[in-house]
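After this come two complexes, each holding chain A, first together with chain B and then together with chain C.
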Partner chain A sequence: MATVAAGAAQVEPGGAPGQPLLQVRNVTQCYGDKVVLRNVDLDVCAGEYVTVLGPSGSGKSVLLRLIAGFEDPTEGEIDIGGRNMVGVPAHLRNVGLVFQNFALFPHLKVGDNIAYGLRNRAYNRLSAGAADRKVDEMLELVGLEGLKDRRVNQISGGQRQRVALARTLATDPQIVLLDEPLGALDANLRASMKVELRKLQTRLGATFVHVTGNEEEALAMADRIIVLERGQIAQFDAPEKVFARPKTAHVAFALSRFNLVGGRVEGGAFVGDGFSFPMPPGESAAAGPATYCVGYDRVDVEEIGTPLPEGYSSIVCKHVSHEYSGATVTYLFDLPDGQHFEAQYHLHHRKAKRLEGGTDYLLWWPANKAFVYLEVME
Partner chain B sequence: MAYDLELSHVAKVFENGTVAVDDFNLQVDKGEFIALLGPSGCGKTTTLRMIGGFEDPTGGTIAIRGRVVNDLPPERRPTSMIFQSYALFPHMNVRQNIEYGLVVKKVPQKERRARADDIMEKLDLTGIADGAFDGLSGGQRQRVALARGLVVEPDILLLDEPLGALDADLRKRIQTELRYLQKSLGITFVFVTHAQSEALAMADRIVVMNNGRIEQVAEPEVLYTRPRTGFVARFIGRNSIIVGTITARDGDIATLHTEFGPLRGRLVEEDLPVGSSVDFVIPSEVMELYPEASAQDPAVRDMYGGNVLLGKIRAETVVGSLVVYEVDICETITVELESHVDKYGRAFAAGTPVCVTWLPSDGHVVSA
Partner chain C sequence: MSKRGMVETRAGSEKARRRRSSLIGRMARYWQLVPGSAWMILFLITPLLMMIYVSFWTQTSYDIKPVLTLDNWQAFFTQSVYYSALWNTIRVWLIVLTATFVIAVPVAIYIGLFVRSNTVQTVLLVLAIIPFWTSFLVRIVAWKPMLGQHGALNILLMKAHLVTEPLSFLLYTEVGMIIGMIQIYLVFVVGPVTFMLSRIDPSVIEAARDLGAGTGRIFKDILLPLSRPGLVTGAIFVSVLVLGEFATPASLSGRKVNLLGNVIVTQVGSLKWAFASVAGVVLTVVIALVIVGLLRITDLRKEV
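So, the complex of A and B:
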């Protein structure tokens, strides 16, 4: 058992798997009159990978800063391992942080960057020899053996991201907080780091809270996703559940995989300028402004005149162009009132279509896969 | 009719003897969106700089609308270049930055204003015309740089990794905007990028470059479904590649000897003889998964022409409606399959033994 320095709030390694390790209780954060987080309540279990998805200004980075201890909440409580952390400074919370810009020391070698926290932290400081062994262990963990004596400015972006991760993991944090960790990497690297990061977390059994503006990261990596909308939790659930039924139009928007059509509910139908869909089964038919939502991948494109199958809703609209992204093709359409509508074909699932730009097509989708939200997106 | 842009046998050998570009031939029609795609050092940026007049070719000719421009300096060519860094002037406001190119060309002030107003409106910059450079977001800077390039009404707009300085989320949005803009202006764009997703989404045709040479010029879809070389197949898409040797041919279908036994695929180059060393390229979306026992089923073997490999699911990643399976084959290679979650339900969790199949006509045999 390591000696714990007086005053350190270090707690026993997190409770049994499945027990909440992190509890955010009714947290509100204000800056002057501005409320950036409102009544946020959440539990994260030991060993979970949780992503926090939201646009900029949704409060996601503030939430991370509160958990890390860079700020204390205006109201509410943050518990880690069953202890209230409000008032406990960041360096005594035993949480690790990985930043988008990596925040490495450019003048130090890779090994010294990783060892920095071990040699300089407030408690459980390691001897030079022990720190060195830990550095070797971490380099192996993140696949950077042999780069120990390289300077940080002599390695690639992807390697720097791994050094930042190794530096954080070296201190054996109870919770690893990641703020847009892949944001600075190019697309190819981002895809491979995404997989690596998740594998690493699974192997370590560590608890990760990962803030991102990228829905693909949020969906692919998480055990559970928190979708933040203007400082409040709009939905907190497993990715497949969030995707199957986004709770609000904003959640659907944040996932970038849904057509969101503005209109109104009227006489038991969803009505727009120049089109009308029957209400999807089970949706409230209360009259008023509303948003119709259907996944890009649910929409089929057919020639006008093709008989509509039972249980499907449809619309005729004009094909604008298409975007090819390898295994998927997205067809872009304009609705009669100028709103955009998309159909995405996954080529493993459906054959690609040859469509003429400027021509009208019949689009249909299963009525029971659409939702209507009684809210309007700006 | 003359092409908007025509490069014939263009070469660039640097003074130290490095061959940056070798025998580059390309014809571009008016209004085309062309992407030059390749890894760093492939010669794509050098090619773009030669079109813009920032580098002199050591061989060949560059013609714009039928006129050879080899000897013209950049400012006398009907091209504009957008640099990755944008090269905007930090001490000027948005309007001054945009009008700069017209000042250089000695366009009278009244016309300058009118043309700048017009382009600012097209690019949704009118509201920030007097905005200081410092206050602009990354996306706004990108649009100002575009406006500055377009305001001089070039025949061809050259773009050097214009999205490189933007963060990933913004990049995707601007990518769609840029494509809409290019189509509505009808101006020829030549665009350099190392990101295949950008090239695939935006370009009408993609020029894939490697070691100074063109590997393939094709529409995104063709590049993806009909790669001509192993390099293209490795660089584009999520292809699995098995090396082999041709042992027999029947029309455009070849039988290959591979470490996994005989496999069959479609020949991309008709003239590859028996005995050729080849790369067998299998796109991720053409493979099918079956339960392990199906490997013994003669009907399955027959249907897929013997392309049936035993494997085990290493990982299953669900991203919305998309699912990616990593499958270990015979403990030697890992193939990736992309599918729609509805297709197999969730029948193939990590650890499940499976067989992987594909039709001979869906796998591409290219020279190694």
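So, the complex of A and C:
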């Protein structure tokens, strides 16, 4: 399913040339009757930054735990560097996991936390002096010089995050797994860590698999993005491609940038309760329940009576309110059947509108930028 | 009176009041110490000093006189009845402490780390303390029908054909006494160690494994230091209780094993207060040394 993308040329030591560094083959994971992952197949190349996006309960953390080796899959195979890792315990896999809650050793100083893997791992243990030099190097890498002898409860949340990262990177893992690494940080810190993580990954040429529930993070950081939906991979592609053409209605939903309108395909048009759009060009016209999808920022708001340009679809609906966020403003509307519809204006490109609440407006968008999925969202 | 004057007077009285209240406040700090100090002086310091004082009194077979002498102390360290009681106490303490740890730590690891459901954890801990629903003496006496020649243990061993005739060394011996003590004091280690282990974030253990550490390393570098306060608390409980024991040896060893506690009981029973005081002082010193030693391993106040 996944195609080998950019980055395939550089191969880490340990991976056979031309082969992806990480291969997850047809992995299914069940807990009792509950299937958490179903037939997951994916390749990650050396040096790639892959994000895994999904709502909670989509199985994204389980996928990380399987790769890290804390659990073995019910079915399927996980290859790292061309070697089947099923049955290999976590401490022999040379895969680094950065925990969501950082999981620092509370009784050790910052420096000893970072040195833990170097001094205690089962293979290639470093001497005290070599470990110490490596710790200094890592502290400099993550910008924590001078904090070596602090206790981990004497540093801030952002610093703890860096210690966790340094502790993992110190052991030179083949793959760095990050479990919602920015989830515990406040908004400002999250933004700066986002830039820094990406910089660090590029500088080290390391392979990162980053799990997140935040679509902005997933889109911004990834070379390729995996969208998980109820334990299955819904889409695995470059962020631009996922954004340009979400493969399923759930993918579009996960990106939080699309209007999703429920209705039916009937007689070559998409029909709802009190409205109807022509089918976008190139979409399947098979009759049945369906979801119509158009990006928030594709929609224009006009006064009723404005002539509709060629190749545009439109609807008349009632303005409810708007949300201003500095760079953008989002206008909220109610469709005739009560479903919601949004139009987002990037204020650098379009002028803000002055709209009356409770008044009907004409919304239009290019018909060829809309999609119809033959599925309904619950 | 002018408005201004009123304000000034009010301000003045306010100042005086504050000065007075600050004096009371300063005094109150010391007043708060009174109940605790009084209690300690009355019920700890005075009896201790009294005991030390009495240990130097002159003891005859029928009488005790407040004439200071070193005879009692000399007798304690030269007569084997007394000094062997000291060695017995230390030996039994070490055996029971080691055995409770060997048994209790794996139990605590199981309950604290492997049982992840809080309800099951609580149920298991409650099961461990059910014997405490009866009195201490009943728990000891209950071992007699277990350990005797025709006791439950021997019946089981015979039925299982592990032995051909009943084992006689189980009751009224040091073995029986030690079995009894281990059972009684086990839970004092299981409890605190389980508590500390169950507070360790499981992802911390996973992080150590993820960084390449094997089970032995994780035990030594993560679990041991993080549960140290529980281990020390358990060790203090067991040590204090075992060092001061007299009932279990009296009942289960058939009076064959004499601990310092038994010496004190016997001497008090025959009204030899001075000898009893010597044994009491020695026992207090031993317990104090053990506690100080154990607290050197970890500063409990800093940990929690």
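Quick note on the criterion: the second predicted complex is superposed on the first by the 360 of 378 C-alpha atoms of A that agree within 3 Å, B and C clash if a C-alpha of one lies under 4 Å from a C-alpha of the other, contacts with A are read in each partner's own complex, and residues count from 1 in each chain.
Everything that follows uses one rule, which is that contacts are C-beta pairs under 8 Å (C-beta built on N, C-alpha and C of every residue); 3 or more make two chains touch, one makes a residue touch a chain.
What you see is a predicted model; the values in this text were computed from it and never measured.
> After the match on chain A, would you call chain B and chain C a fit or a clash?
Overlaying the two structures gives chain B and chain C room side by side.
> If you stack the two complexes on chain A, which partner ends up touching A:Gly96: first (chain B), second (chain C), both, or neither?
Touch status of A:Gly96: second partner only.
> After lining up the shared chain so the two structures overlap, which partner does A:Lys148 touch, if you call chain B first and chain C second: first, second, both or neither?
In the superposition, A:Lys148 touches no partner, neither chain B nor chain C.
> What is the contact status of A:Glu323 with respect to chain B (first) and chain C (second): first, second, both, or neither?
first
> Tell me the contact category for A:Arg230 with respect to chain B and chain C: first, second, both or neither.
Neither partner.
> Once both structures are overlaid, what angle do chain B and chain C make about chain A, taking C-alpha centres and a multiple of 10 degrees?
It is 80 degrees after superposition, to the nearest 10.
> Using the touch definition from the top, say if A:Phe70 reaches chain B (first), chain C (second), both or neither.
So A:Phe70 only meets chain C here.
> Which chain, chain B or chain C, ends up touching more residues of chain A in the combined arrangement?
Between chain B and chain C, B touches the greater number of residues in chain A.
> With both complexes placed on chain A, how many Å separate the closest C-alpha atoms of chain B and chain C?
It comes out at 13 Å between the closest C-alpha atoms.
> Which parts of chain A are touched by chain B and by chain C alike?
No residue sits in both footprints.
> For the complex, which residues does chain B have touching chain A?
164, 167-169, 171, 176, 179, 183, 194-198, 200-201, 220-221, 224, 236-238, 283-286, 315, 317-322, 337-343
> In the complex, go through chain A and note every residue touching chain B.
182-188, 190, 195, 213-216, 219-220, 239-240, 243, 255, 257, 295, 297, 321, 323-329, 346-350, 352
> Using the touch definition from the top, list the residues of chain A that touch chain C in their complex.
Touch residues, chain A against chain C: 68-70, 89-92, 94-97, 99, 101, 103-107, 116-117, 120-123, 167-168, 171.
> Report the residues of chain C in contact with chain A in the complex, numbered from low to high.
Against chain A, the touching part of chain C is residues 201, 203-204, 206-214, 217, 221-222, 225-226.
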